[in-house]
Structures are given as structure tokens and as C-alpha cells.
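Let me begin by presenting the structure, written as C-alpha cells, before commenting on it.
Chain nomenclature is as follows: A, B, C, D, E and F, assigned in order of appearance, with residue numbering initiated at 1 for each chain independently.
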Amino acid sequence: MPRFGPMYGPDVTFLGIDRCTIDEPGSYAGADVVVLGAPFDGGTSHRPGTRFGPQAIRTTDYLPHDRSRPSLALRVDGLQDLHVLDAGDVEMFSGDAERSLRVLEEAVTTVARSGALPLVLGGDHAIAFADAKGVANHHGHGRVSMIHFDAHADTGDIQSGSLWGHGAPMRRLIESGALRGDRFLQLGLRGYWPGPETLAWMAEQGMRSFEMTEIGARGLTACLDEAFAIATDECEGVFLSVDIDVCDPGHAPGTGTPEPGGFSARQLLDSVRRICMELPVVGIDVVEVSPPHDHADITAALANRVVLEALSGLAWKKRGTGHDPTRPLLDGR
Amino acid sequence: MPRFGPMYGPDVTFLGIDRCTIDEPGSYAGADVVVLGAPFDGGTSHRPGTRFGPQAIRTTDYLPHDRSRPSLALRVDGLQDLHVLDAGDVEMFSGDAERSLRVLEEAVTTVARSGALPLVLGGDHAIAFADAKGVANHHGHGRVSMIHFDAHADTGDIQSGSLWGHGAPMRRLIESGALRGDRFLQLGLRGYWPGPETLAWMAEQGMRSFEMTEIGARGLTACLDEAFAIATDECEGVFLSVDIDVCDPGHAPGTGTPEPGGFSARQLLDSVRRICMELPVVGIDVVEVSPPHDHADITAALANRVVLEALSGLAWKKRGTGHDPTRPLLDGR
Amino acid sequence: MPRFGPMYGPDVTFLGIDRCTIDEPGSYAGADVVVLGAPFDGGTSHRPGTRFGPQAIRTTDYLPHDRSRPSLALRVDGLQDLHVLDAGDVEMFSGDAERSLRVLEEAVTTVARSGALPLVLGGDHAIAFADAKGVANHHGHGRVSMIHFDAHADTGDIQSGSLWGHGAPMRRLIESGALRGDRFLQLGLRGYWPGPETLAWMAEQGMRSFEMTEIGARGLTACLDEAFAIATDECEGVFLSVDIDVCDPGHAPGTGTPEPGGFSARQLLDSVRRICMELPVVGIDVVEVSPPHDHADITAALANRVVLEALSGLAWKKRGTGHDPTRPLLDGR
Amino acid sequence: MPRFGPMYGPDVTFLGIDRCTIDEPGSYAGADVVVLGAPFDGGTSHRPGTRFGPQAIRTTDYLPHDRSRPSLALRVDGLQDLHVLDAGDVEMFSGDAERSLRVLEEAVTTVARSGALPLVLGGDHAIAFADAKGVANHHGHGRVSMIHFDAHADTGDIQSGSLWGHGAPMRRLIESGALRGDRFLQLGLRGYWPGPETLAWMAEQGMRSFEMTEIGARGLTACLDEAFAIATDECEGVFLSVDIDVCDPGHAPGTGTPEPGGFSARQLLDSVRRICMELPVVGIDVVEVSPPHDHADITAALANRVVLEALSGLAWKKRGTGHDPTRPLLDGR
Amino acid sequence: MPRFGPMYGPDVTFLGIDRCTIDEPGSYAGADVVVLGAPFDGGTSHRPGTRFGPQAIRTTDYLPHDRSRPSLALRVDGLQDLHVLDAGDVEMFSGDAERSLRVLEEAVTTVARSGALPLVLGGDHAIAFADAKGVANHHGHGRVSMIHFDAHADTGDIQSGSLWGHGAPMRRLIESGALRGDRFLQLGLRGYWPGPETLAWMAEQGMRSFEMTEIGARGLTACLDEAFAIATDECEGVFLSVDIDVCDPGHAPGTGTPEPGGFSARQLLDSVRRICMELPVVGIDVVEVSPPHDHADITAALANRVVLEALSGLAWKKRGTGHDPTRPLLDGR
Amino acid sequence: MPRFGPMYGPDVTFLGIDRCTIDEPGSYAGADVVVLGAPFDGGTSHRPGTRFGPQAIRTTDYLPHDRSRPSLALRVDGLQDLHVLDAGDVEMFSGDAERSLRVLEEAVTTVARSGALPLVLGGDHAIAFADAKGVANHHGHGRVSMIHFDAHADTGDIQSGSLWGHGAPMRRLIESGALRGDRFLQLGLRGYWPGPETLAWMAEQGMRSFEMTEIGARGLTACLDEAFAIATDECEGVFLSVDIDVCDPGHAPGTGTPEPGGFSARQLLDSVRRICMELPVVGIDVVEVSPPHDHADITAALANRVVLEALSGLAWKKRGTGHDPTRPLLDGR
């Protein structure tokens, strides 16, 4: 049976890594990480285009697509020190959100059960329901905490008449029981949504949300420290969900619902690296990259680097060299 | 009950015309034309963005939005000589194509039954199923012929696992019995889709499709003449469906599936005008304008003028002045 | 008499708030804030386009235009907790700066006299003369101090042969006696303009200008503290003028005279919020948004948020809840 | 006294030709053509940006700026066979239309009186009043006919409260007596402006306007033939005014008020060439190029070629070789 | 030995067709056509970016990349009815033109000798030297005629100190003896280059160049007829070289040296189709697509269709069905 | 002999300063700084376009091009207090990297020997070999240290088969003996290149490279302090090489190989200013500005300001006023 390739354009893999096929478990036996694309924008409430996100994140890199990326800072190679494969895109139906999420959840669950970490390239944030639930299906409902970078809480109830919009996945995850509300850590929230009722619901669930004003006042490091402590309390795995709109529109213009006043690219990259170095990450998604609204491909390039920072952090943890990235680059080598 | 306004952005109307509300028939009693927006891109097979089409078509005009547009060529004012109202957008669910089309069909049927001509601003071409069926629901299945400008036949069967994609509405319309296959006139087809099986199905239905090579060899006027004769044979109404991608990408870059080698803007405007001057048009849609891929707003401006040419043609027919647009502009005035 | 609507495009209001009409005082009796558009770019010395600023600032927001914006950080709703109306655009004549400013000043004075705070959406910075003078006409010349965010001092003398260019309004304001030079606080200046003579004139007036190097060395908070003390010394009102080019071009590319090395979006939003929370603000303008040079609408989105931060701060002050935005978002709710 | 250089950016000349200075008649004694820039957009009713037109038209050419352009078709070199100089920009005040036009008219008159043909690079079309009047001031009021390529008649009365907007110059010219209404030839009109009253006024003046429908029906050649006959009847000179929006937006997107359905670039170039080969042209302007709305610089490139076709046609006429451009390129050489 | 993949980005093939490797003749034994990429822009005299041309031409198509493209007009499938393989990119050195052309010539010669038709995707036009010479190396110097679509003659002598610029390949080809000057047919020339000396040299070689004015006067069909007669006189093969800038910038903005006044996309597609249907084509290149200057990908889409029209024409000739594309699409099926 | 002007477009100088000619030493006798353009992109490994960099850096400024730029912060005028001339572009051959660098090195050496500081506007970073070697040719090999801002180490060995790509100039400089490896200071490195072998080579040379993680942890000031100490140890001159991609893509999108997570524009401007105020700078280049990938010209504007900050710092040092830029702008004046 032929592998289902990318939906929009040529069949490519993340920076040229080897292919595998979801329906053929043998093709990814022993993998550390399996990349999946979820080219879906049927959940977006405003500017669409994230269906082209997986392709853009896989390919936006000026270096040769040679399946090697030695991290200057960590001195590991996320594509070499880990066994990373790309399963292509899961078939998405932009006009049928419910069916799309069902198919995606199944694929993610399958990968998680194989022992590999599923790394899903979105797609709008609606897919996070499938991504995190798929991971929890394997590790156990309530056993996986969530670290969620986003300008938006994504805890809406009904959105444009649908349960499955990109403003609601976090609520659906908690309601489904897959994730515990009190192990839900959100960083980067800001702006004018959601309103008091939704915030009250969030507080009831015990969610811990760091709005930008708090992050500005306390410093990002302190906020991450607090988040890490909660995330690892009674949970054995962490799901990392990165909505690229957590960054300021100046750093990530190519997204559907840009909210001014966010993270710098550097802050996001450092945070993602640290999470993968320090926490037991069991699933990842990177979402909301919308190439039609990008320019000079800077948002896609940032998302590509978010993936690489994550892989580098995972490789650093796996190899256990203890290399300290704050040391001079050429010191003692 | 408040009127449902445009879905994406402010509540505006086509060049400032008055509002009406679908659910309040009194609000459009006596109208000649009711404009509806269908901000849907859940059916598109490639570049999305047509959800912003209705807004762009309504507002892309450098003249004051003062509900008056005197046609230089026809010496009528489509917004003054006709009673035209704008009912705002029908609520669309990009992640639920089936439901969206159902709601839209109902709205179009309601408008048609009121005696007004429904003029639907898309949205991707998937909506044509609802638009034309809605009109036929009133005038009688099989009683309305179709003149369809497009680069694509849109007669696909299953597309990305869905019956409701933007490549299939024309097949659905014929299968549903709403429209007769042998009163289906297509102009501007070209390129590399669909394949032989679909073409065979089309031939079986008795469709009449003018590929660009035939139009180039015979001339557009001759092709239109032939189409008009078929369209009015045993049908008392004509539905006009304009996919903006019938034009060459040089003239209409802001669309999802641009196919090189098409009409010039002038050819499309002249054709639309002539159809509305000469044929018993009972419904219109203008689709596939995708603002995120437009530049300098030229595609939206073209679609705005397609609407105005249609309205001007209808006004010319209603007023019956017999003014000949090929005469010198200032002659005898 | 019909309300004069937006000049360029459809008649819309800021995020859908209710309309009022300058010439009908009853239409805004009791309002806290009246929004006015000043679509003028006849004063710009380089890239024009700010005539489209008011429209862009009013509408660039991915959330529904439903006249409600609950601030996550401040827990107030600037559009609900205040009575905010939109008076549409004041008619501007890009080819006649003097007349345009005269008409605008009159409109602002009228609003200020009604007891509402005028919030003017530019337009190029030339309009600040009319905006601040209009406010001072009501509160008393010399009774209103100015807090001015900008890359440029805007204290030029004659510019391209005109007294009314966008590089000169601050000089005109002081010369006119409307504002005191020694209650003029400027933040964010940088670059290579103006030269020594103008700086000498500014020093003579007792202006207090914070260049970016000083802000970098001392910290923004310390600079704001100092500015606040001066602003409230012997003045009972503060006019807040935000030139979007105070931000770095990376955060605000869509402007006419971008000067590298400026504020981040976060810094500007925090400063504006704090000013409206802590000072007796009596007038506001937000200027120099030039949509034709924007991309992905990020500059317009930023300006929209500047307005909302200001309104949220005003609402916070009015309601007097004392809510502290640096506390955890979901704490104690 | 130093030459007044280009207003926006570096001091450059049309493709590197030599400079002259309006105020120093000796600097252009004996010139055939003097180029002037009129970087003005204070008259535009919609998208501004034409202030950057003169610079863009002068420099948008991929060939070396070496003051030589041998025409393939005509076998003459417009920059070598004619003595062409560039006087730089006339100082324009975007915020003061009246003053700008007065200064420009004076400059054009001065050039015309020197015996050189003034070739003005706009700027918005408001400048045509100054351009054509300046030429008529020398040749005699009523002695110069007008051939005017445009989508718009530009015969409006009061526009946005101003007599001097870009929609009115042709009316002002006729009212001033500088040009005769019945020697006014317009080609390319279309769309929805102006309305019946203005058309009636135009008819009264005896203007001859070729709307696109007539041009399509009769052919461009026949229309030009008719126009030429009128233009040379009792007039000894012809002013050629080219509004780039006469072309379809697909060919000229970079303009302020694009009207779909216009000329192709080829049609415009051929027409301009023919006019300069066949008629006694005494003044030219090329207007409404708005670089901020252009893409890939195609509109500026087209305008540059309009200038070169004009110069080539003039050179062809001056040299009198009789070379026939429809002959094979390499024939008999 | 691994196949050398695309140089800039992922290793993809033309619309998903199978791969082959130049250095492994067995991998393309029996192929009808072998596609090669030449991602080179070291020869361009102005805007670079054609190094991204091969990738863009291979992938810019909204249809699934499924190695099937049934031509509506010709009723053949160029990717199915022919055996077409993609050899990836030949390694180009933008900083070393001479070496790049040498390597490319070798690759093309190798393909031609295998019996397959080399179809080279540029790259700037400098590569035509290698492309056509490579083909002539197999078929015999002087045995292959050239049909060359271009705005420019490309017969310059020394360009920027180099023999190998993109303005010179046609001269180099004739000088090298690979191609006969009197079997060199050029269509679409226009503008202001080259000058008289180069034209004289061209005339001496007996070249036949159709400038746009001649094409406009005589009609494209007549010009093609004449060209075909010359091309097949004493030559047994024809090389087809398509510089995308033969089209008007409105249809092909994404190129380095756009010259206004060119072919429409429809004219180019029809011409290419006819050439491949009627003439013994033995080599093809499609050059000068520069994605950084494209918008909405319309130039890349056009080039992709030029390739498909060529393949469809070749397939039509091979299958010999005699299908007439001017007949109604659905006739007799 | 005529001066060789800019290669791509009109002959302009940096903000209107006076011209000189490399081949005429008298034309720049006594100059403090000579600007040279190196419009070369033949060394780039990915997106080209830097050939347009010199032109863009010279002209991207909204202020009049009047050869005066008073620094607000430093109270000096870099264009008035220094004698700065512009020698135009050195002729570059994008298709012949080796020859281009040879010619450029010669020009830089000539300027350095005249006593002026060469300030080279790139072009891609390959030119740094010629720039720094040219300077060292005068001051003595091993006598000039390097401060190098960049996301990339540029110490690659062979790149795409060439010694002369933009990823290798720093290695070539050290290998040539022109610069000492242990006086090589790099700031801003990050990302995934080069790999371990190259890093080992760099360590062997004694290079000191500050990766972003170290800069983030220690602060930029501390890193600069350390770098300054090394740079002035046993070296009497410093070469400053600024690759604009040291900045985050949000601040500098218009470049060929953007790497997320870099400097803010403010950080770069402050660093450059401080270097020129405190160190014995003898040569400067500013490279990798690629206008085709820029938007709203923000990258070119930043590079223009980098040049002005450098000139202002040099002027501050020359005048020796000791003015402290962290003091209030209008203090004591």
C-alpha cells in the first residue's frame, strides 16, 4: 500500500529525513520520534492557510536538506543522535473537522503506542485535541500534563457553531478526561479573549495560565520554573503544544490570529529547548503557521527551528553529555 | 432578531446599499436583487482564503460607497434602477461543508421564492451547489439552465473523500436533478483536469463545454451565441456562475487554483454584461476570489465589476431603453 | 443631515461600536469617549498611505466585531465599561492641509466640550496639532500636558515649504500657546533628525525628550516615572499622542518614516496602559499607520491594540477595582 | 543656485541622461525634450503613492542607465537622436494642491517657451491641468488639442471639496480656455464614473470619448484614426496625456484607481508610438504610477516604456527615415 | 553513488514523476524525456532568483502531484503516454558560470545520446548555450535548428566582462558552430536592446527574428508558419527555448528582465503546443522564472504549463490520434 | 576616464555625499572614509539578491539626501564632521567569484593605502575576504583584528565546490595569514551550522565566538567587553564586519539565510556605535542585505542606520567631545 504523502504539493520529509508509513508499524519500529503533518485549516476562526504549514515547516531552511542538524549550542545533532522519521501527512478534510480530528487522533495514538514520540506539524490549533488525546490514549488519561505556548487560551466552548474550532481544543481535552485541568500550563496569553465566563471555567479546572503581564513582571525563567514544577507533579509525561502566535507578530506574522505584544523568537526557542532538556516530553505539536500570510518565510523558518530546538533538547537529554550551552562556543573542544 | 452580519470583519454591504435580513421577508419585499455572502473555503482543494471573498467583493472599489454606479457603457445605474439589497453573510462553517451548504441552499431558496434574484458572493465554488439548487427549488428542477465560466469543469466525483469539495458542485447539481446536464454550458475550460472518465460522464449528460482552444479558434462571440441558444431551449431561467479563475492568472491572481491561459478581464466583463442583457437570468454567483493571494486587490476589483456588469445588464433589460453600448459615449446626448 | 461616514471605503465603526454624529451633540451626550477618524496624509514627508489608517485601525482584529473586548490583564471591558461611540471620519482634504487641520480642530474641540474624551485615529502626525489644540481649547491653553511616543521630535519649523507638515505639529502646538513646552514629554526619539538648531529651540522651551539611548540605559520604567511627574505638575489633563513609528520597524513596518532601533510592541502596549491607568488623560491620538506599507496587517493590528489598551486602562481607572495585572491570570476567581 | 533635485530619494535622471535646471534657460537651450518630475499625490481620491512615480519611471529599467535606448522596432535611439535633458523634480506640496499646480504650470510654460517639448512624469492626474495649460500658454490657448488615455474622463466638477483633485483636470483645462472641448479626445474610458450630469457637460463641450465597448467593437486602429483627424483639425499641436490606468489592472496594478477591463500594455505602447510618429506632439505627461501598489515593478516598467516609445516616435519623425516597424527586424540590414 | 538532488530545498521531481540519475544511464534507458534542473542565476544581468526556478516549475501546480496530467485539449496524458523521468538538478555554481555551463552541457549531451529528449528547467538563459549545444553534440552540429521565444535576442557579445552572461548564449551557440545562424528563429523580441552593431551581426548570420510589431501586424499564426518552414529546412531536429519573459510582465512578472508589451500566456501556450505537435523537437528548455519576484506564483504556474503543453504535444504526436483540439470538448465521446 | 557607477540602476551615492573614483587617488585625498559598493551575490548559498544591497543601503532613508545626518544621541554629524566620499560600485561579476574578489581586494587596498577607511557595502559575505584582506594588506597581515557580527561562523571549507562562497570567507582570511585566528571575535552565532569538524578547526585557530545562548546568559555588554579586550591585544586596527542576519529575521527579513533568534535592531545599532567610539576601527563592511526579500524596506533601512551609527561613532571619536549619549537629550544645551 502506498504511503500517503503530503497533501499540498510534493512528497517531502522534514529536512530530508527518511520516510515511514503509519499503517506499517515496522517502518518506524525503534524510532525515537515520528513526524506527522496535519494540513488542516478547517478549524480556524479567521485567516486560513495553515494547511500549507506542514510543508512549510518541513522545508523552510536554507541549509541542505541532508538530514543532519548539529546544534551549535547543545553540541548534539537532533536528526542524527535521534532516530527521527517522517510519516507524511495524515489525510485531512478541511470541510469536515470532526472526521479529520478522528483520523488524526488514531494516527497519533498508533505512533505513541509504537514507543515513538509523535511530533505533529499543524495545521490550525484545533488539531491539538487529536494530538494530545492521541498521546494520552497511550500513556493514560490524566497521566500527561500540558505545556501550552499561545496568545490564546483556546478554551472556548462553542465556536461558530462548532465544538471543533481552533479556539476550543484545550477545553475539549479537559472535558474528555484525557488531560487534567490542573496540569495545564499556559504561557504567553494576552489580549481580549476569552471573557469572564470562560476564565471562570478555567479557574475551576485549576489551570495555570501565565499572561504576558505576569511574565513581564516576574521574568520568563521564574514562570517556567513554576510551570515545570506543576507539570511534573503526578504526571509522567508532558505534551508540548506550541502555537506560533505566542510570538509577537513582528517575529511571526504568518499566522491566522496574530496578537501584538508577544514573545520574541529567542524567548520561544530558549523555552522549547529547556523544556525538552528538562522534562519528560512525550508528544509535541507546532501549529498555526500560515504561509500565505508569511513574508520572507520568517514564520515558517521560526517553526522549523522550534522543531529543531525540541529535537536537539531531546537528543541532549538522551545522550546525557551535560554540555552547558551558556559556555563559550569553542571552549575546551 | 438581529441581522447576521458579515462573518469576517465589519458589517458592510455591497458598495453601501441598504440591508435586509433573510429571516424577515418583509425586509426585502419588492427587491429585484438580494445579495448574499457565503464566506466559505472549506471546499477548496488548494489555496484557501475565499472566506474573505464576500467582504472583498463588496468593498473593493475606489469610488465612494454611495449606492450608485452609473454604467458608462449602458447608461443605466445598476444600484439605482434596480432595487438591490444586501442580506449580509449566511453563516458558514468552514469545518463543516455539508451543513454550510444546507444552510446556504435554504437561504437562497427563500430569497428566490420572494421574487428577488439571489446574487451570491463566494466563497469557493462548492457553494454553487447550494446557489443553483436554491434557485431551482423555486423555479422548478430542470427549468433552469446554467452558464458557467470557469477554468475547471467542477464535475468531479469524490474529492479528498468528500462529495462537497469545490471540484464537484456541477456533478452534484446534475445528479440531484436540480439542473439538466444538457442545459449546462461551460466556458473557459482548460488545463489538465478532469480525466477521461469524468469527461465521459459529462458527455453522457449532454453537457456543452467550450475549452479555450475552441473559443480561440471560433471566437468568443460565436461560442456565446451557441451557448445562448441551448440555454434558452426549454428552460425559462438561467443561472450564471462566474468562477473568477476563468480569467488568466495575470488578470485574476487572487484565486485558489489559477490555470494559465484564460480569458482577459475585458472578455469576462463583456460576456457577463451580454448574458444579463439578453437572457432571463434568475440567479448569479461570483466565486473563488481569494484575497490573501491577491495583489493590489485587482482580483477583488474585477469581481466587484463582474457584479456591477451583471446588475447593469439587468437594469438595462428592465428599463428597456435599447441603448447600444458600442455607440460613441457622448453621442446624441 | 446624514452622518459623514468613513472617507475611503465602507462606513464602519471601531470594532462595531455605535455611531454618533459630530454635528448632533445629542448623539454623543454622556459618552466617555468619542472616536474620530482623520484620514489625512497630506502632511507626510515620505511614504503616504495614512489616509487608510483610520479604517485599518478600526477593523484589523480577528475577533468578531461585537463591541466587546474584555481585557485579560485588567479584567475590564473597554468597550462595555465605558460608553464609547464612533463619529466616523472628519472630512479631510489631502491636497489642503491647512483647511483639513482647521476642520479637525473644530471637531475635536466640539467633542471635548461635550465632556467626552476625543480619541483620534490618524492620519499622519500633522493632525496632532488639531487634536491636542482642540482638547486644550476646552481644558484651557497651558492646562494640558503632552506625552508623546515617537521616533521623531516633530518640532521642525518649515517643512517642504509648509508650516503644516507631519514633522512640525509639536512646534506649532507650543508656538500657538495651546501647550506648554515644559510639559512636553517625548519618548522613543532616535536617529538623525532634527539638527542642532531645532534641538536648541526644544531645550529653550523646556521640553523633556527621552532618546532611546537614555531609555536603554535607565530603563523604560524609570523614564516613565520621571515623565509622569512632570506631566501632572500644574497640568490637570494629559494628551497622549502615539506615533506608531516609536516601535521598531520589525514591529511596525507599515508606517511612512520608519526608524530602526525602537520600542517593542510589548513596551508600547504596557506604557499606554500604564498612562491611562495612572494619569488624567483627556485626549488621545494614534497616528502614522500606513496600510499600503504594512504586511500581514501587523502594524494596523498593533494600533488597534494600542487603542484597546488605552480604553482598558481608562475603564480600569473608572471602575476603580484596583485589579493588579501582574497577578496570575486565574488567581482567586 | 543649486538645481532642485528629486524630492524623494537620490537625485537621478531618466536613465542617466544629462541634467538641466529650469531656472537656468541656458542649461537646456537647444533641447528637443525636457523631462520634469511632478511628485505629487495630493490630488488623488483613493490610493496615494504617485509622489514616488517620477523616481520609479526614471529608473525602472534592467538595462544600464547609459542614456542610450536603440528602439528595435523603429531603429532610432530616442535618447541619442533627440537632445533630451532631465530638469529634476518641480517642488510639489502634497498638502497644498493649488500652490503645487501653480508652480508646475510655470515650469512647464518656461520649458515650452524655450522650444523644448515638456515631458512631465507624474504624480497623480491633477497635474495634467498644469502640464497642458503650461504648453498652451506658449502655443496659444485653443491651439493645442488633447489625446487622453485613461479609464476615467477626469471631468468632474468639485471633488472632495476641491477644484484640484485628480478627477477634474480635464474640466479645469476646458473651463480655463486653455484647451478646446471639441479637440479633446479620450480613449479607454470605462466603468461607473462620471454620472449623467457630467456626461452631459462633456457632450456640450463637444468632447469625443471612446469607451472600451466602442473600441472593442470598432477596433483600436479605427478609433485612433478618427481621433487623429479631429486632433489635427485647426490645432497645430497635440498634448498627449497617458494615465497608466488606461491599461487593465493586470498590466498596470500599481495605480491608485484601477478599473478592470482596459488596454493591454501592447495596445498602449503601439498607440503612443503611433501618435508620436504621426502627430505634431508638443507636450506629454505620464501619470498615476503608484509604486507602493505595484508588484515586481511592472507598472513602473510599463510607464518607462511609454516614455521611451514616445521618444522613439519623436526621434523617428525627426530623422525621417521612414523605417517601417512591421517589416522583419533584420531585413535588408 | 547517490543521486544529486535539487540544490535548493527538498529533493522533488516534476509533479511527482519517477527519478533517474544522469550518471547511471540504465536509470533512464528507454525514456522519452528526461527532465533536468539547472538552478543557475550567475549569468543574469539584473534581478537574480532563477536558481529557484527548477524547484518552482516542478512543483507549482494545485493538482495532486500524481504523475498524471490528462490534457483537456489534446486528450493525451503527457506524463503517462510518454516515459518521462526527472534527473534532478545538475550541480550549478552561481559564482562560476563557465564551470557550470561545462557541467550542464555534459549532462545534456549524455541524456541526448541516450535517445531521450532533454528538457531543461532554468535557471537564467545563459544555460541555453549548454542546453542546445548538448543536444547538437548528439544530433550533429548544424543539424538542429532553434525556435526561441524571448523578449531579447540574447546575442550580445561581451556582457559585464563575461562571455557567459544570459544576454549572450545565442551568439555563443552560433559562434561555436553548434547551431546555424540561418536556422535560428526568434519570436517576441521587443524593446531597446541590442543596438545596431549586434543587429548587423545577427543579420549577417541570417537569423530570422520576429519583433512584436511584425507579429502584431501579420498575426502570430503566419509568423509561426514562416518560422516552421525555415526550421525544418535541412535540419532534422528543432530545439525549443522558451524564455518566460517573452510574455508580458502582466502574465509573467516573476522574471529578471521584464519587458512590457509581450505575448499573452494563451499565445505562448498555443505556440508551444503547436511546435511540439508539428515539429521534430529534440530538446527543450524553459528559463528565466525568478520566484522571488513572482506573486501568487503565476509565473511559475505558467512555466509549469509550458512544460505540460510541450509534453502533451509530444505525446499527441507520438500517439498519432489526430485529435483536433479546436473541436468541442465533449464531442463524439 | 569615467567613474564606474553603480551597476544596477542609477549612479547614486550614500545619502548624496560627493563622489570619488578609485582610479584617481586625488579624488579622495584627505578623505576619512571612502564608501565602496560590492554588488555581488555569486557567493550566496541560498536566496540571492544582495547585488541590489549597495544601492538599497545608500538610498533607503526617508530624510532628504542632503549629505548631513546629525546624530541625536552623539551630537555629531557623521557626514559633515568626517570627510566621507562614495567611490561607487566596484565592478562585480556574479558569475565569476574569484575574479570579483580579486578586483575588490585591490580596490580596498588602494583606498586603505590612501589613508581613508574603506567602508564596503555588500553584497554577500563572500566579499569580506577581499574587504578585510585589502585592509590588512595596508596595515600589515596579522595586525588587524576582526569583530564579526553574524548568525553564521562563515568558516566553512569548500562550499558547493567553491572556495569562495559566502560561508567561507573567515576561513580564507585566516588561512591567507591576513588575519590572526586568535584575534577573531564573533558575535551572534546560532543555529545548526557549522558542524563539529569546522568547530574544531575554529578552536584550533583560537577564535572567540559568542553564541546567542552565552550572550543571553552573560549579557551583551559583558561579551562586548571581553571581545574588545582581545581585539586590541597586539593589534592596532580592528575590522568590523556586520552581516545583517545577526539580527532576528523579524528585524531583518531581507537577507539570504535568515536564522531565527538573533539580535534586535537596537542591540546591533548600540554595539556598532560603541565599537566605533571605543576601538581603532580601520575597515568596515555591511553585508547580506537582499532587497528582493525585504518588505517595507526595513532591512535596508537598518543597514543604512548601521552605516550611520558607525560613521557617527567615528566622528564622535575624532571630535573628542566626550558627549555621553545616555544623558537626557536636551540637557545643558
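FYI, contacts are C-beta pairs under 8 Å (C-beta built on N, C-alpha and C of every residue); 3 or more make two chains touch, one makes a residue touch a chain.
Given the structure is predicted, the values throughout are model-derived calculations rather than measurements.
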item: Shortest contact path, chain D to chain F, counted in steps; value: 1
item: B-D, B-C or A-C - pair sharing over half of the D-F contact pairs; value: B-C
item: Distance from chain E to chain A - Cα centre to Cα centre, in angstrom; value: 43
item: Distance from the mean Cα position of chain E to that of chain B, given in whole angstrom; value: 38
item: Numbers and ranges of chain E residues touching at least 2 other chains; value: 46-47, 248, 250-251, 264, 293, 295
item: Topology of the chain contact graph, where touching chains are joined (line, ring, star, complete, other); value: other
item: Every chain pair meeting the contact rule; value: A-B, A-C, A-E, A-F, B-C, B-D, B-E, C-D, C-F, D-E, D-F, E-F
item: List of chain F residues in touch with chain A within their complex; value: 45-47, 189-196, 199-200, 202-203, 207-214, 216-218, 248-251, 253-254, 256-262, 264, 293-295
item: Complex contacts: residues of chain A adjacent to chain F; value: 62-63, 68-73, 75, 77, 248, 250-252, 264-266, 269-270, 295-298, 301-302, 305, 308, 325-331, 333
item: Contact set on chain C toward chain D in their complex; value: 7-8, 41-44, 46-49, 51-52, 91, 93-98, 100, 126, 160-162, 164-165, 292-293
item: List of chain B residues in touch with chain C within their complex; value: 5, 9-13, 16, 58-59, 65
